[in-house]
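Two complexes are shown next, each including chain A; its partner changes from chain B in the first to chain C in the second.
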Partner chain A sequence: MTDSSYAQYLDLAAGLFLLTAVGVLWRHQLAPMVRLFAVQGFALAAIVGILGAHHHSIELLLVAVGLGALRAGVLPWLAGRALRNAPAEARETRPVVNVASSLLAAAALTLLAYAVTRPLVALSPSPATTILPAAVTVVLVGFFILVTRRRALSQVVGFLLLDNGITATAFLTAAGVPLIVELGISFDLLLAVLVMQMLTTRLRAAFGTTDLDELRELHD
Partner chain B sequence: MTRVVLTAVQVVVVVAVAPLLVGVMRQVRARLEGRAGAGIGQPWRDLRKLLRRPAASPAGTGWAFRIAPLVLVGTSLVLAAVVPLLTTASPLDPAADLFAVVGLLALGTVTLALAALDTGTAFGGMGASREITVLALVEPTILVAVFALSARVGSTNLAAIVTATQHDPLRVASPASLLAAAALAIVVVAETGRLPVDNPATHLELTMIHEAMVLEYAGPDLALVELAAAMRLTILLGLLGSLFAPWGIAGSAVVGLPLALIAFAGKVTALGAGLGAGEVFIAKLRLFRVPELLAGSFVLALLAVASSFFLA
Partner chain C sequence: MNTALVLVPILVPVAIAALYAAVGWRPGGTAWAGLLATALVAADAIALAATVTRHGPVRAAGGWLRADALSAWMLLGIGAVAVLACWASPAYLAAAPEPATPRRTRWYGTLLQLFIAAMATAVLAGNLGVLWVAVEATTIVTAFLVGHHRTRTALEAAWKYVVICSAAIAIALLGLVLLYDAARHAGLDGAHALDWSVLATHAHTLDPAVTRIAIGLAVLGFGAKAGLVPLHAWLPDAHSQAPAPVSALMSGVLLPVALYAVLRLKTVADPALGTGYLRTLLLIMALATLALATLLLIGQRDYKRMLAYSSMEHMGLIALAAAVGTRLAIAALLLHMAGHGLAKTVAFLSSGHILHHHPSSRIADVHALASRMPLLAGLFAAAVLALLGFPPAALFASELAIARAGASAGLGWAIAAALILVAIAFAALTVHSGRMLLGPRDPSTAPSTGITRRAALPLIAGLLGVTALGITIGPLSDLLNAAALAGAP
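Let's look at the complex of A and B:
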């Protein structure tokens, strides 16, 4: 892989990574949100894979395969299963901030991410660090989804988006974290999703809905 | 001299092809819906029929109603001359500026909206108000999206952008270019009044936009409005093709013209047929969700600008 095509592939993967985050924000339906999240997992794996191929690092390539399997395969499958169990909950009907405004907020968050990462990029300008703003944008958009959506499942997707962004940031700035740390994070994530899926089921059993606003009062 | 000839050919081709393109789109849609369809020449036959009728205008309408079709066709003809569709060497090259093109598009739309208000009917007012809402969201997106493409070239001249892309084809695959392409595609659909923003096949819907504005036109005036709408569709699809697949566009030599014609016909037909086929599978969006779609395309355009600056 030559240097220029390396930068181009990396840019392309980062573009897809960012675009899927905006797509998640755009959609009302939960099923396309989960599908977009799977595409984003693939884009993340592609970024790590491209980095690995560039640095000739077998470890990074293995991590890329693992990340792809977890984030484009297992996690979307789990989220999709939670969705199929509750067909009535398939739409984000009334987010706290409406979709048009949240898209404009995403635009503002992008600019914010670019502004705050400029000193980081200036430390060592390279094709990998120049796409750092995209990763930070995904972190911020994930946060935004987590804060403004009401359904438990869309909050799970927001959380996973946040984590995708953090992972991408780690790989882009430090060219990877030790394998053991990455494994730990991945298992954490898997457990978090499993627990949240359980929680969603219990929520629905108790209240008949997964609207987290119902959790404001204490019951006995 | 050759530049004038090339541009004249481009204008004539756009005028001749525009109704045929509308015919192709209707035919594709008809076939996919299991109908025979009226053939691709039907829009031209409609125009001929309308042009033969005596002119009539509703009582109480003023100059705004009467000049709108002429201004609409006039701006479309200027656009056909300046936008690089067949050749990048238009003698009007200094005017082929991004801002001028967007301004011309907006001028045509605003004139038609004024004419719709001039009729004083309920539908005219509703159509005008909706069209201006869409316009207010569409024009910034076009500007920002093409700005993303012009940032690398260092010029807002459309011909310069197209020539630069011809010299460096890999540029099309960059994230900035792909995001801008997605944003522009959505905006073109909205600007030309196709599904899911507006339904071009009916003037019996309460939520219609473009058809509500031209409801009072008849005879030759209606023919002009429809021709102008078809030309704008052709020009915008052609511009999309030129910006993101600039192959085959002739420079200042007449030799390249046949190839340019074939390439233009191929690109516009492919885009039009794709649009027509896509329309079969989608329903019209609720009017209140149209701003959501356009805000999304604006974000895409903004991301395109951001990436063209920061990834460069």
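Let's look at the complex of A and C:
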């Protein structure tokens, strides 16, 4: 892979990575949100794979395969299973922020990401670090979804987006944290999603819905 | 030998968790295995404390685990509170109005031990990445413990807890990722770039602009796990809905463990960025937490939430001491963590028994506790008095020391503001507890114990502990000095 094609592939994968996040923000149906999340997992694996090919690192290539299996396979499957168990929950009701404002917010968050990542890019300018703003935007968009969505499952997708963004940041800045830490993080993430999925089931049993507006019993 | 000292507190609770998962929770049988495991953890913590004060830090598992005096002090706190919580658990589960199913008690036993193992891993981690994984693991294992009662309120609390804490700790991860980036560019190799002891010695070579973002994000994330503003909203819900022994562990040691992570970050941040940056950040978080907790304590109508907000108030004080950051302040902070851990454990355990005799945890539902259930009322009152900072409880000495350290570090205005808030919280706690304890007894009801003598033993032990710490720290003084030195080199 030549240097210029390396940069182009990386830009392409990062573009897909960012677009899927905006897509999740745009859609209010849960099934497409989960599908877009799976595509994003693939884009993340592609970013890591391209980095691995460029650095001739077998370890990174293996990590890319593992990440792809987890984030484009297992996690979307888990989220999709939760959705199939409750077809009535398939749509976001009464969004706190409407689509147009959400997309405007995404634009603002992208600008913020560019501002925040300036010192990181300045530390070591390279094709990998120049696409850092895309990764940080995904972190911010994930956080935005977590705060503004009202369905339990959309919050899970927001949390997963947040985590995809952080993982991308880790690989783009320093080609990833040590492998044992990366394994621990992935394992924790998987367990966190399992816990959230089981809690969703119990919430539905207790409240008859996963609309978090119904969760109003604890307050001061 | 040294490796064993570091591994025992992690592996023994994991083994007992496997035992619970395999054979379940049997009252009179395996119910006491948890106490055995935590007693071993506590004994190991004492041995580890003796080793590190005499011979310096201990490393194990190729540097992934590392214990110095600060780790040993934290592990002692975990061991002490865990012993009390596991000692009180059988009586708590047996006294519940509707007995839990075997399936739920099996989960309870397993997850409680995994929770203790995760906290022990967090304080023994030699690497910030391992520390992060352990802190996130505490969120995962405690989520179901918070939802143990399966009521609507318990599930609501569990959901908020797991979502807010997972998101917050993800922010901390982003901070650690950026710190790793800065460390790699400062020439550290991959295995050492998140090792906090190596990072602290190479801190001056880190890029300041990147480190500033990294430390800010990490402190915000771990601060949320410690119940500090702005991501504190999970705390009163989770602490009030969890079973009492779990609330005791979450409030008494899990919050300090998250603050321990902040202390480790501080040893990296201060040489890299100067003391001003983290001090400002922590001062804002500490004073905002204190103010919010005090405000919500004033109008509180639920006594378990009252205890939860009192925990936030104490965490605010501890964060304030961390902001001061001198050696005296760190020593005071560590003593405060220990005293608060023991006193809050007794307060939560006794409130659990009070709840078993009343329809809800509303303060208005509890009257004249002192004349109806004298023993239980006495234990609750003593715990609240200790939390209020009455001598001879350890919190009296530690709060004075925090105030003195702050004043001599030139932060008199912050200390003054904090003391005013603490005084208001003091009044609120006194009034609310007074309403529960005092008042004329309904003559038609006979006095009852409310708590059996045997069930009261762990609570009495906790009160004795917090009193003993307040009178003299005796053999612990060397450890405390060494731990303060590790926290403020």
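The criterion applied here is as follows: the second predicted complex is superposed on the first by the 217 of 220 C-alpha atoms of A that agree within 3 Å, B and C clash if a C-alpha of one lies under 4 Å from a C-alpha of the other, contacts with A are read in each partner's own complex, and residues count from 1 in each chain.
Keep this in mind: a contact is a pair of C-beta atoms (placed from the backbone, for glycine too) under 8 Å apart; a residue touches a chain by one contact, two chains touch by 3 or more.
Being a predicted model, the structure only gives us computed values, none of them experimental.
J.: Do chain B and chain C fit side by side on chain A in the superposed arrangement, or is it a clash?
T.: When both complexes are placed onto chain A, chain B and chain C end up side by side without any clash.
J.: Between chain B (first) and chain C (second), which, if any, makes contact with A:116: first, second, both or neither?
T.: Second partner only.
J.: If you stack the two complexes on chain A, which partner ends up touching A:3: first (chain B), second (chain C), both, or neither?
T.: A:3: touches no partner chain.
J.: Taking the superposition as given, does A:163 touch the first partner, chain B, the second, chain C, both, or neither?
T.: second
J.: Which holds for A:99: it touches chain B only (first), chain C only (second), both, or neither?
T.: first
J.: Chain A residues in contact: does chain B have more, or chain C?
T.: C
J.: Applying the document's definition of touch, where does A:124 land relative to chain B and chain C: first, second, both, or neither?
T.: second
J.: Vertex at chain A, arms to chain B and chain C: angle between C-alpha centres to the nearest 10°?
T.: An angle of 150 degrees, rounded.
J.: What does the superposition give for the shortest Cα distance from chain B to chain C, in Å?
T.: After superposing on chain A, chain B and chain C come no closer than 19 Å at C-alpha.
J.: Name the residues of chain A shared by its contacts with chain B and its contacts with chain C.
T.: none
J.: Report the residues of chain A in contact with chain B in the complex, numbered from low to high.
T.: Answer in residue numbers: 8, 11-12, 14-15, 18-19, 22, 26, 98-101, 103-104, 106-107, 110-111, 114, 130-131, 133-134.
J.: Could you please specify the touching residues of chain C with respect to chain A in the complex?
T.: So the residues of chain C in touch with chain A come to 64, 127, 129-130, 132-133, 136-137, 139-140, 143-144, 147, 150-153, 155-160, 162-163, 166-167, 170, 173-174, 176-178, 180-182, 184-185, 190-191, 193-194, 207, 209-210, 212-213, 236-237, 240-241, 296, 299-300, 305.
J.: Would you mind writing out the residues of chain B in touch with chain A in their complex?
T.: Of all residues in chain B, those touching chain A are 170, 173-175, 178-179, 291-292, 295-296, 298-300, 302-303, 306-307, 310-311.
J.: How about chain A: which of its residues touch chain C in the complex?
T.: Against chain C, the touching part of chain A is residues 116, 119-120, 122-124, 139, 143, 146, 152, 155, 159, 162-163, 166, 169-170, 173-174, 177-178, 180-181, 184-185, 187-188, 191-192, 195-196, 198-199, 202-203, 206-207, 212, 215, 217-218, 220.
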